[in-house]
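Heads up, the next two complexes both have chain A, just with different partners, chain B and then chain C.
Take a look at the complex of A and B:
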């Protein structure tokens, strides 16, 4: 992971938001008004973006390769869904419950994940993901099994805004949650704690020598990431008012990796850009046979890894550097 | 009761033998090049389809398709290794994972396009069907055949690694690729030949496994976990570890499905997580 120094350079935790960053968020607000027919898709993109940011925290910053991140997303989705099915439909507290569910699963499994090398981590995360999927599948009396959890009905947000079919509330609600959690993630990665994570990513053996408790740091970020992934899952359950078994499935974890690698790891915005590109492409190509979509997806992955390391944002940075070098 | 137990053990060993043939290439390449290759199952699928197509469309007898399945997968392996894989030996594990998932997606889509989404079936020759009676117990003839093939393959691999000059070069490269290159061993060539051999064995396993594992375009995804498990539990780069891990997995999976059918895939995943926690570097892995 030899990314360019420019985007990775440490900033102060309270660093000002730069102009491109502000423009990015204004664009997300503008999209609400510019594409009124696509607000449902928009809210899905925002949720996937949030999910990708949580993976970026552990993968891009702490260097933990995970193939089972859907476990936390699914835990959050089922927590939020089950809460409403059993009579409590208030959205914001539902999200808190979803985050708590993600955090509990994340903290419990973090001890297994922080030990071992990449391959062992890959297997353990994959195994935990598959295990939860099987558990949800078998516990059909709680989760509804393959039929999914039906009967999710949300109360109005703040008692005022109903969740409508056009996705108006869903979009703005998702955007607000995404922004709050993104700001939190941004603050975390720019803090001394975040810097120590990068140190662990670059060389986990030297970090103890400068007094950094590697295992504890990794457990902390893994739990934070899992909690935020749980919130993302809760958001999906609330805005779609349905929880299917696929929230825990392996393809969800794999697609998430693709989203993040496509956008660019270790820069937070990569997950958001990747989610937008991936989901819009999927939407545009959805009338294609799904088999062909999978083929092009595979080809895209191979091409990105071979020729465009750093993803879309990595490419943008390279272009910027080149133009700056040319103007000098 | 005891008969059941023997039968389950026997089926487990046969199943484990298949897992071993398919995964041993992955184990050696992972130990040799430290490359996380999730696409290994795609080579097995290729071998399986080569066997199925040759039998149904060209009328080649089953036993004759096995070397051809090996050759087809080995050829695909060497082409991909030279053109794509070798550029990523120094890449991060994340990039290797992404790259090989991409290959799996393409293989799944390609196989669906070429052969359709349904199960491919082969008709085994008469002498491999039916039962063999030994000491009052019935054993599936095909499973006896499977175990026999694996015994031969294992002995051949072992002799190759221990007795031949090439085997010595492989062992030296696994131990320390830089020092091996410094001693004049063409490490790149060793990598390429080993990769082709591993892919070929996967192809052979895929062809042998049509009757046991089934064969459809999602094969590489469906069994990815099993192949990775053999490597992760056995420890990368050892034949003995892979063999033991494959047997443990095969017996646990068959026994689980037989005695606790309602638990389904649960047993294998619990076993996997437990073993990974107890042996993070594998049963026979070198701790670094």
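Take a look at the complex of A and C:
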């Protein structure tokens, strides 16, 4: 009768994938076959999930609150989109470019972000997001401005699989990219580097005393997170073959925060679960009533936050602990 | 033992023959199948009023003209795309095509949303009727796009010409800083200069959270004869209030603009401040024709007194376009045939006579010059002149 480990108890970086984790990924594959009509929605859930994981890296692990994460998402989306508009439509290299764009913007802005405390960071990230949005709006000759960047035409994936209307390629491609980046994120947070981030989150002033360079660590994770967010943006641009100005918008950052809090921060899977629940609820409710559905979505969010501390996954953990306590 | 086999064989043969006969009668087979129209609109979020107007007009059209056309039942599938996320619009379009097997896509509140969905229409070979989005370039993005609304350059030209001819020499332009606003600014300046006028200053206001007071003060300081304004649907009220508060009218500056500024939906709330504003537009709820009287009457009755605005006629005429094309083709579901049938269609809409240009698939219509006047105690856009058969100058 060992007690369950705390939700974010560190694991070894090479720790084996536990049974629930394997089940989770099999479920994502099974969803492809179980819901053939919803593969486009599925691919967008996967992309939002990936985006939420990148926010979790800085928010859930390093404790950096951000309301401007869309800046990196948008940078990646425009990088991938512009590449194809100017004649290079190969998807995988496009994603690399998107990641690089995210990383550059992330690294450049990280110096501003690591300085302040929570409120200052909220303001700085919000400001950076708005700056990039306006810049993309003004640079209409490059980005298409408010009209968006159309004419994004992708080549076939690996020269074989076209991006089809039913979303088959989009789903499997997004899932593969998500899995690779997720495995990377999982490894990072369980490494000594990841542990030092948790230390910084818990007490940033003490960390230098044990020899941990706080600012450098934060810059590193911020840049990694931004690069991965860039890839998520690139994925969206490639699978929808369009880049709208909204990829940089504040609502996208805010929605992302909702998704992550809904699923649960500091556990990586929280972002994925949150994205799935948020977007499926969004889809079902807006089908039920296209005009007043946002009321029900709001209610759902309030209920989850009130009754399940630590989001959905936090709630699940609490239930598990309670049932174990009862069986003892 | 022989007999059952022969009967079985016979029945197989019979079924086969029946199958062939059915195959020879595709029209009967199609007649049983409903015509599905996927309507994608912003029904929530900042552009909800656009979606609300269009949905009301579309429902009014089917209530009036029946839900059967050329022997096919018409089934409407309405979806909300929130108006701000192009990937949502595109995803909904994909789902409508793949899952719901729609025959026509319609709606599209804003330019980026229409552009994002355009590749879906091209790939699925399904007609896409753009009812609201108004940037010039839209129909060029897919051979399946047909527009039933309007384009900004189309409706901006006439007010520039009118101003140049009516002793207005110096104008300040004020537009919202995004695609359609820049379209309007360019068109106005080009046409007004060609008519001999002078644009002394061009002001662009931000799209988000605009405060018009400082911009209007700048315009006032430039002492023009008139101020030309374009703002997106819904913003007219704020401009009008500030124009009044800042005393531009008293300073002898006239307000001219595109009809979005005196949007019929909001005009009643503007009250006396709007009186005397001259605009050019393709639709006024006060348009004097029996078609429009019946339309406004039915629309206000069905919607708790809401006045129909220009977006509503885009939806109404979009439905007419679909119905007429289906009639013309005898109830086919072939998308290319439908688009072919839409090209060159002409009819009298509540807004007046209109047509679809066969080459550009864009709308050709009469643009009216209107002045806001109080009629029966309420402000209306009263038409006093018109320019017939206006095309999008971009085409």
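Following the convention adopted for this analysis, the second predicted complex is superposed on the first by the 302 of 328 C-alpha atoms of A that agree within 3 Å, B and C clash if a C-alpha of one lies under 4 Å from a C-alpha of the other, contacts with A are read in each partner's own complex, and residues count from 1 in each chain.
The criterion applied here is as follows: contacts are C-beta pairs under 8 Å (C-beta built on N, C-alpha and C of every residue); 3 or more make two chains touch, one makes a residue touch a chain.
Here the structure is a predicted model, which means the values were calculated and not measured.
After the superposition on A, what does A:236 contact: first (chain B), second (chain C), both or neither?
second
Please indicate which partner A:291 is in contact with in the superposed arrangement: first for chain B, second for chain C, both, or neither.
A:291 contacts both chain B and chain C.
Determine, for the superposed model, which of the two partners chain B and chain C contacts more residues of chain A.
B
By the touch definition at the top of the document, which applies to A:202: first (chain B), second (chain C), both, or neither?
Neither partner.
Look at A:165 in the shared chain and tell me whether it touches chain B only, chain C only, both, or neither; answer first, second, both or neither.
Second partner only.
Residue overlap on chain A between the chain B contact set and the chain C contact set?
Dual-contact residues (chain A): 291, 294.
For chain A, which residues are in contact with chain C within the complex?
Those residues of chain A that touch chain C are 37-38, 40-41, 44, 137, 140, 145-148, 150, 165-167, 236, 240-242, 244-246, 249, 251, 286-287, 290-291, 293-294.
So in the complex, the part of chain A that touches chain B is made up of which residues?
1, 59, 65, 67, 112, 115-120, 122-124, 126-128, 130-131, 134-135, 138, 250, 254, 257-258, 261, 265, 291-292, 294-295, 297-302, 304-306, 309
Sort out for me which residues of chain B touch chain A in the complex.
30, 36, 84, 87-88, 91-95, 97-99, 101-110, 112-113, 221, 225, 228-229, 231-232, 236, 262, 264-266, 269-270, 272-273, 276-277, 280-281, 288
Contact residues on chain C for chain A in the complex?
41, 43-44, 52, 78-80, 84-87, 90-91, 94-95, 97-99, 111-112, 115-116, 118-120, 123-124, 135, 137, 141, 177-179, 182, 207
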